[in-house]
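Multiple structures are listed underneath, in C-alpha cells.
Next come two complexes built around chain A: one with chain B, the other with chain C.
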Partner chain A sequence: MNVLTLTARELGRLLRGRLTWLVLALTALSPAAGLTVLRFTASETMLSRCVADPALAAGVLGGLLFALLTLWDSARASKSRVEVLTDAAVSPLTAALARLAALLVTAALALVLTTLAWLPWTAYTVGAVFDGLDYLLAYGILMGLALPLCILLAGAAWQFTRRFDLSLVLVAVLAALSLTVWRGEWQLCWLNPCVWALSDDFSNFRVLRSAAYMRLTWLLGLAGVWALSWLCIRRYGKGPLGSLARSARRVYRPLLALALLLCCGWSYAAQPFIDRSNPDLTVMSFFEIPYLEGVTFVSRTAQVFPDTKAGTVSGRASFRFENTSGQEQKVAFGVNPGYTVSDVRANGVDVPFTVSAYQEYNEALLEVTIPADGEVELTMAYRGYPQESIPTMQGGKELSAEYLCLENSALSPRLMNVLPGEDGYPAAIEITLPEAMTVIPFGSSEAEIIAEHDNGTRTWRYEDNGTGGILYAGDYVREDMEAGGIHIQFYYGRKHQAVMEAVGAADAVQAVVDYCTQHYGPLSFGAGESLKLIQSRVAGGGYAADGASLLDEAGFTIANLADGAKGAAAGEVFIHELVHQWWGLGNMFDTADPSSPWSAEGLTVYTTYRIAKELYGEDYAVENYVDQWRAAVDDYYLNFYVRCPEYLDALPEAERLAISNALSGMRQYSEMPLKILKAQELVGGEEAMDEILKGLFTRELDPMYPYLTYQEFLDACGLTEEDLSLD
Partner chain B sequence: MQISLQELTMTYPSGKRALQGVNLELDSPSLVGLLGPNGAGKSTLMKLLVAGLLPTGGAVRVDGEPLLRRERALKARLGYLPQDFGLYDELTVTEFLDYMAALKGLQDSRAAIQSAIEEVHLEEKARAKIRTLSGGQRQRVGIAQALLGEPELLIFDEPTVGLDPEERIHFRNLFSRLAQRRLVLLSTHIIEDVQSVCSRLLVLHRGKLRFDGPPEELIRAAEGHVGTFDETGGEREEGLHITARVNTARGVACRAVAEALPPYVQPAEPTLEDAYLYLISGEGEA
Partner chain C sequence: MTKIFSCECRRLLCNKFFIGLLAVLLFYAGQVFYLAVLPGVAHTAPFSPWSFGVYLGRLLPLLWVGALFFLTFFTSARERRAAVLTAATPADPRRYALTRCAAALVGTALLCLAALALAAVCYARLFGWYGWDTLVLPTLVTLAPPLVFALGSGWRLGEVRPWLLYVWMAFPFVLSALPLPQALGLWDGSFFAGYPLTLDALDPAFSMPASAWLAQGLTLALGLLLLALPSRKQGV
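Coming up: the complex of A and B.
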C-alpha cells in the first residue's frame, strides 16, 4: 500500500466534507479575534497588533478547530463503522498514518488560505513598515505550527482512549493550561507562544526563533506521544495494551516513538534562548565579590564578530593588568550564559579557568587564575548564542543584519573584581558587521570604520571607558542637528524613514530640544556638547545615560502617531514622545495611580501644547488642545460610571478594566493638562509656570525616591488639590 | 487459495466462548454457505478469517502459512462485506469506491469501479451522494466495494439483508458466478440463498461446527424426521419442534421436526430449512 496514494484519497475525502470547509473558513476568520477579544502581545507596535495578535489568535482558535476536526473524523469512522471496511482492506496503522497526513495537509491549506486572506488588509493597515518576511514567519510559526500540534494531540488522545468526549477533555485541559497556568512559561505555553511584541522597524528573528524552537520541541514531544498512541490502535480485537504489545513487535516502531520523546526532552533541557539566572532579583552576589588586592586594570580590547545569520557572537577579548601582589590572583568576569569561553591565556600561557553553573542577572561567573607576573596580558575567546533572562519579554538580544544590541557581558566578558587604573577602565572595541549596519555605542563614544572587507562587512572601532558597555547597531538613518546648544545625533530605523519624514521628525527634534532646554534646562544625561537619540527595537521603554537616550520604537508607530490624545497631528505626537525625554525620562514619575490624573503624561501633553502654540499660534493650540481637553473632561464628568462608580464594580472584570483604563487615560491626557493650565493661570501665567517647571526639572533628586510627585508640583505652585478642581 | 482452520478456538475476554475447536479446509473455487443461529459464532469466524480477531486457540493458515504472516497479502486478495458496516455519506458512490480501491492498492481503479458498479446495478446512482441512497442501495455499495479488484477470497456476512426479492435473486446468481473462479464464503439467515447456489454448507451452533457437506447431505439426514399435523390445542409431545405454522380452513397446520415423529404427525419431504432446524434443534447429529 502506497501511503502517499492513500493520503491523497484521504485528503480528497476530507475536503469533500462540509465540516472540513467550515473549519477552514472559521480558521481563516480567526485572526479577527486577535484584533478584538484575544490579544496576546503587550506592545502597541503595528506588527504586534496587526500581525502577532491575529496570528496567535488564529493559532489558538485554528488549532482547537483542527483538534475538533481530528476527533470528529476519527470518531465518525469508528462510530459509523466505516472502519470495519477499511480495516479489512488495509492495516489500521496505515490508515491512521494516511489520516494524519491528510489532516496535516488540510492544516497547511488552512495556513495558506489564512495567510493570503489577511495579507492585503495587514499590508494596508501596517503601512510603510510592513515586512512580508515578518508576516510570513509570524503566521507560519505563531499560527501554522499550532495546527499540527493540535492535530497530533487530538489524534493521540483518540488513539489512546477511543472516546470522543474523553479526548476532547484532554485537549481542552492541555489548551487551558497553556492559556492560563503556563502562559508565562515560554517552553510550556505550546498553544500561545510567549510573544510580547514584534518590532515594526527592525527584525524579529530572535523572538520568532524562540517561538519556533518551543513549537518544534512540542512537535517532537507530541509526535512521540502520537507514535506511542499509534501503537495502541486497536487491532485483532485487542485492547490498547494488547494492541501495543502486538504492534511493538516491529522494534523500530517503539524505538522511533522513544527517540522522538527523548529528542523532545533534550530539546527542552538544552534550549539556548533563556539563561538560568537566579529569579530572586534581590540577590546580587556578583556585585559583592571583593576587589583583588594589588591588581589594577590597565586596558582592554575586544574584537567582536557577530554572525547575523545565525544570531551568534564570537569574539576575542584581551585584558591588561598590573599585578603588584607577587601572587597568583583569581580574576572574575561576568559572561553571558550562552557563551562558551576558551583559549584563556595569560602572557601567552594557558591558565586555568572555571565558569559557574550559577547565574545571576544574565551572567555566569568566569574565574581566571592569573600568574604572579607584574604585568599580565590575559586573552580569551568566547562564542555562542547570547541568552536572555526574561522569557516573557524575549527579543532584547535580537541579532540580525538589521539590528543588534549587545549589552555588557554579551559584548565581551565584564570584569568584576579589579580596581581601575589611573585612566579608569579604558577599552577599545572592534566589531565587524555587514556594511548596511551602523554602529552606535550607547554613550558619548563615536565609532569609526577602520576596515572594509571583500565579503561585504566592515570593521568598526570605538573607545570607551568602563568594564561593560552597550552597543547598538542596525540599518539606521542618521540625522545630525544643532539644538538647545548641543549637537544631536538622531538615529532611526531605515524601515521607519517614510514615517519619520512624514512627521517632520528632524524638525520636531530640533524644536523640542530647543524649547525644552530653554524652558526647563538641559537633559541631565546629555554629555555636555552632544546627545544621541537612538530609536531602539521595541523594548518596553527607553532609558538614558551618558550622552545617549533610547527612544522605544513603540512610541513612534503609525497608530501611536495618530493618537489624538497626545497631539493634534502625527508630527505633534512625535513631539509629545520627544518631550518625554524631559518629563518621563529626565524627570521620572512613579507608576501612575489609575485613580489619579498625575503622571508623566500631564506635563508632557501640556508641554506639547506649549510647543504647538509656539509653532502654530495660539488659536491653533487652543482649538486643538485646550478645547479638546475641555470637551473630554466635560464628557468625563458626565460619564455614568464616574458619577455612579458603584455600577462600575458590578461589571465583569474585562469590561471594568476597559472602562477604567479609558477613564484613567482621559484623566492623565486631558484632565491633568487642564489642571496645569489652571495652575498656570493661578500662578501668574506662562512665564511663571515655566519657572516653576524649570525649578522642578532641575531640583535636587532624592536618590531613594527620584520621582516627581503631584504634591511637589502643587507645593512648587503654592496651590492645593482643591485649587485645581475643574468643577 | 486455500484456507485451513485447525482446532480454531475463540474465547472473548468476557469469557464467552464463540468458537470451539473448529477444523475446516476451504479451497477455491467454491461457494460455501455458512448457517447458524444468532450467537453461533459465524461473525467471529469471519472476523478471524479477515484478521479482525486473533484466535485464542488453534490456527488459521492461508496457502499453508499462518494468517498473520500473510495478512497484508490476504487483505490484498480479500473482498469483505461485514454484516454491520458504514459508508462515508459525504462521498458519491464512485468516490467511495475510489477511496476503497486506493485502500486496496488497486492499479486500474477506474475499470474496477465501473465493473463493480455494473455488477451491483448502481449505474444510475454512481454520482449520487451516499447520504441520498436507500438502505438497499447502501447495501449494494457495500457489496460493490467487496467486489473491487476481483479478489480471490470473498466473504459476505448477510449480504442480501435489505434487498428486494429481485435483487436477492440477482446477487444469489452473482455469488454463484463469482464462485466459479474464487472462494466465496456466504453467511446468511436466509436458507433459500444458500440452498440454490452453495455447493457446500457449514452449520455452526454454539461455537461448534455441526455440519460440513453438501446441502443434499444435510437434507438426507433429516429424512424421516420431518412431518406435518393439525394443531388441536392438546398437549404436544416432548422433542417435537414446530418449524412452521400456517392458518388453514381446517385450523392451524404445523410443520415439525423430531428425532421420532409421533403417530399423529404425517411424515413429509424435508427441505433444507427443515434439515437445518432439525440439526440445530439438537436432535440430529451430522
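Coming up: the complex of A and C.
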C-alpha cells in the first residue's frame, strides 16, 4: 500500500473519530478566546480586535489541540498494544508519513471551517472597513500555519520519546516559552507571532509577511526535526539510535533532514525585516560626525521606484557639492540597513565607498570618498527591502499599492556631514507609483504629476528642503477646507470614507480648527497658510512638522468613535481626537503619572465639551459631559480601593497596576475635566479660562522639558491643587 | 447501593474528562476572579457577597455544562445497551437511577468546591481574608437551585433523547444574552452588580428581594420535583 492510499485511509479513520470532531469544533470556537481572555495585539483597530486577536487565539488554542490530537493518535497503537501487528502490516515509517499527512489535511479542514464560521460575524462587526483579503491572510498565517507547526512538534516529540506524557511536556514547554519569555522575540515566538496591530484602512502586507516568514522558518526547522525523529522510529526491536542507523541507510533521508535544518538556520539568520540597530537609544554617534570643511551642499535629486507588489524600493540619488578644500573628502550618508548601495560615481567616475555593519536608529553609515574637484556630482543607486527597528511594532515600513510611508533614509540616502549652501538643502524628489495612489509629502511641499506611464503608474515630483524628508502615499481621499484662517487639506483612507462621512469628519475638522485657533491660537506646526492633516496607518501615535500633522488611524476606528468617555457621539469623539492636535501634539504632555489625573486627556475632553456646548447648546453639553463626569467621579470616590487604599497596596504589582490604571483612566477623562471646569469658575468664567489656555498654548517652550505640567496650569490660573479639590 | 454509588462516583471522577473539565473550570474561574471580581462590584470589596456573587454567576454556565456532561455518562448509547443487563438485576431501578443521579450531584458539587477553593486561596493570598461565613448564603442561593434544576431537567431530557442534553447545555448562555428581570439576575450575576446600588448604602449586607427568593425557590423545587418523578424508561 503506498503512502497516498494509506493517507486517504488514515484521513477517513481520523474523520470518523469523535475526538477529531471535538478538536475541530473546539478549534472553530477558539477565536472567541481572542475576543475575551487571549488578547495579543496592542491596538484598538477593528481588524486588530476582530481579526488578528481571534486568529492568533485560534492559532494558539487550535495548535495545542492539534498537538494533543497528534499525540493521541500517535500513541493509539501502542496504547492498544497492537503495534506489533500494525508494524507487520505496514512499515512504521510509511504509517508515520501517512499519519502526518492525514493530520495536516485535518488541520487544513479546521482552518477552512474556522475561517468560514467566523466570516459572517467578522464582516458584520468590522463593518465598512472589512477587507476579505486581510481576513483570509490573517487566518491563514496567524492561525493556519500554527497547526502544522504543532503537529510536527508533537509528532517529533512522540517519535523521539515514545512517551505520551513526556511529549506533552515538551510541547507544553515550547508553547509556554513562546507565550512568555519569547513573546517579544519576533523570530522565536512561533506560536503567537508578534502582531501588535492590523490596519483597518490600509494594507497589512508587511506585518503579515513578517509573521509568515517567522512561521516558515519554524516550519523548516520543525520539519527537519520531524524528519530526524522519523528516522528514529523504532524498528526491528532496536532503540532510537539503532533505528536511526538503520533508517539512514538511504542517504537522502538524513540529508533531507539536515538540509531542512540548515535552511531553517539560514532563514533565521538572513531575515530581511528587522535591522541590527544599536539597542542603546542613548547612543547617537551618527549625529556626532563632524561637518566636512570646505564642502558645501548645492542640491540633490532622487528618483524613487517602489515595487508595490514585492514591498521593495529601488532608486537613484544624485547630490551636487562644492568642494573648495582642494582634497578628497569622505561624505557620510545614512541609508536604510535593508538597502544595497551600488554604482556610486562622482562626476561619472566610480568612487570607493563603504557601508558600515554598525547600525543606529534604523540607519547604516554609507561613506563615499569624493574627489578633490571643485564641483562634484555624486550619484548612486540603492535597492532593497526597507528594514524596521522595532520587532514588536512591525508594519511601519508598509509598502503596497494601498499605502506607503518612506521616512528619511528609506526614501533616499540621508546626508550627514555636509554643511548647507546658500539655499539650504534644496531637493527634488520624483517617485513613480500606481495611479490609484496619492503622493503626500509630509511638510509644506506639494507634489504634482509629471508623467503618466502605460503600465498604469504615474511619476510625481515635489521640491523640498532638507537632508531627509518623509513621504506618504496611498489610496487617499482628500478634502479641502478653510478653517481658522488657513487652508486645510484633510487626507484619509478611502476605506474609511463611509465612517468619516458618518461622523461628519470634514465639518468636525472645520469646527475644531476654527474653535481652537480662535481660542488657543494657531498650531505651531502650520506652515503659515496651509496645513495637511494626514490619516496614517496605525503607528502607535502621531507627529507633526512644518505644515503637516499626522492622525493615527487608531483614533478613528469604529470602536473608538463609540467610546462614550471621549465624546457623547461618534462625531464628538472625532472632535476629541482632532483636539489632540492642540493638546497632545501642539502642546506636548509628559507620560501620565498614574497617581495624577493630569494628562493631555483632561484639556482635550474639556475642549471637546466647550466645542459641543458651542455647537449643540449648554443643556446638551451639561447633560452629556458635565453630568457624565460627575457620575464617573462619584463612582470613583465610592470605589472600594479608593476608600481602602491599603487593600490596593496589598495586591501583587500586576493586579495593582491593572486596577490603578483603570482608575487613572477615569481620573484623566472625568476628574481632570471637572477640575478644569472648577478652575474656570474660580478664574472668572470661560473667557478668562480661554485666555489662560491661550497663554499656555503659545508659551515659550523649554527645549529640555517642553511638556505642559499641572503646576504650570495651576500657576497660570493662580490656583493651588487644594483649590481644585472636588470633595 | 452504596457500592454502586461509589462505583458510579469512581466512573465519573476518575477519568480524563473530569480532570479536563476541572482544569478548564479552574482556568476560567481564575480569569473571572482576576478580571471581574478583583476590581470589586458595585463599589463593594472583592470579598463582599456581591462581588463573590458575580464570580458564582459567571461560573454558573460552566458548572451547568459540567453537570449535564456528567448525565451524558448515563444516557449515552453504550449505556442504553448496558441498561438491558442492569434492568435484569434485582436492584430497584428507581433507587438505582437516584444513586446515579446522586453520583452526578457529587461530581457537580466537587466542581463547585474546586471553584470555591480557588476563590478561597485567592482571597487568602491577596488580602489575607478568611471571613467565609458571610459568603455561605450567597453561594447556596446562587448555585444550589440552578444546579439541582440542571440535574433534574437534564435527567428527564436525557431520557427523552440523549442529544437534548447537549442542546440544554446552551440554556444558561442563551439566558446570559437576554435582558433578564431582576428576579432572575442571579442566573447571570447581573443581580449582584445592580441590586446593591439600589440599597442606598455603602457595603450593604447581603439581601435579596422577595421576587428573587421566590424565583430561586421555585427553581429548586422544580429541580427536586423532576428528580423525584418516576423514570420514563426503566434502567436508565
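Criterion: the second predicted complex is superposed on the first by the 714 of 727 C-alpha atoms of A that agree within 3 Å, B and C clash if a C-alpha of one lies under 4 Å from a C-alpha of the other, contacts with A are read in each partner's own complex, and residues count from 1 in each chain.
Everything below uses one rule, namely that a residue touches a chain if its C-beta (ideal position, glycine included) is under 8 Å from a C-beta of that chain, and two chains touch if they have at least 3 such contacts.
The structure displayed is predicted, hence computed values, not measured ones.
Looking at A:Tyr705, would you say it contacts chain B, chain C, both, or neither? Reply first, second, both or neither.
neither
Figure out whether A:Tyr252 sits in contact with chain B (first) or chain C (second), or with both, or with neither.
A:Tyr252 contacts neither chain B nor chain C.
Per the contact definition in the header, classify A:Leu651: touching chain B only (first), chain C only (second), both, or neither.
It touches chain C, and chain B stays clear.
Just chain B (first), just chain C (second), both, or neither: which does A:Arg13 touch?
It touches chain B, and chain C stays clear.
Using the superposition described at the top, determine whether chain B or chain C touches more residues of chain A.
Larger number of chain A residues touched: B.
Using the touch definition from the top, list the residues of chain A that touch chain C in their complex.
37, 635, 638-641, 643-644, 647, 650-652, 655, 658-659, 662
Using the touch rule from the top, collect the residues of chain B that touch chain A in their complex.
My answer: residues 12-13, 47, 50-54, 71-72, 75, 78, 80, 82, 84-91, 95, 98-100, 102-105, 142, 145.
Under the touch definition given earlier, write down the residues of chain A that touch chain B in their complex.
Residue positions touching the partner: 1-2, 5-6, 8-10, 12-13, 16-18, 79-91, 95, 236-239, 246.
So in the complex, the part of chain C that touches chain A is made up of which residues?
31, 34-35, 38-40, 43-46, 126-128, 202-203
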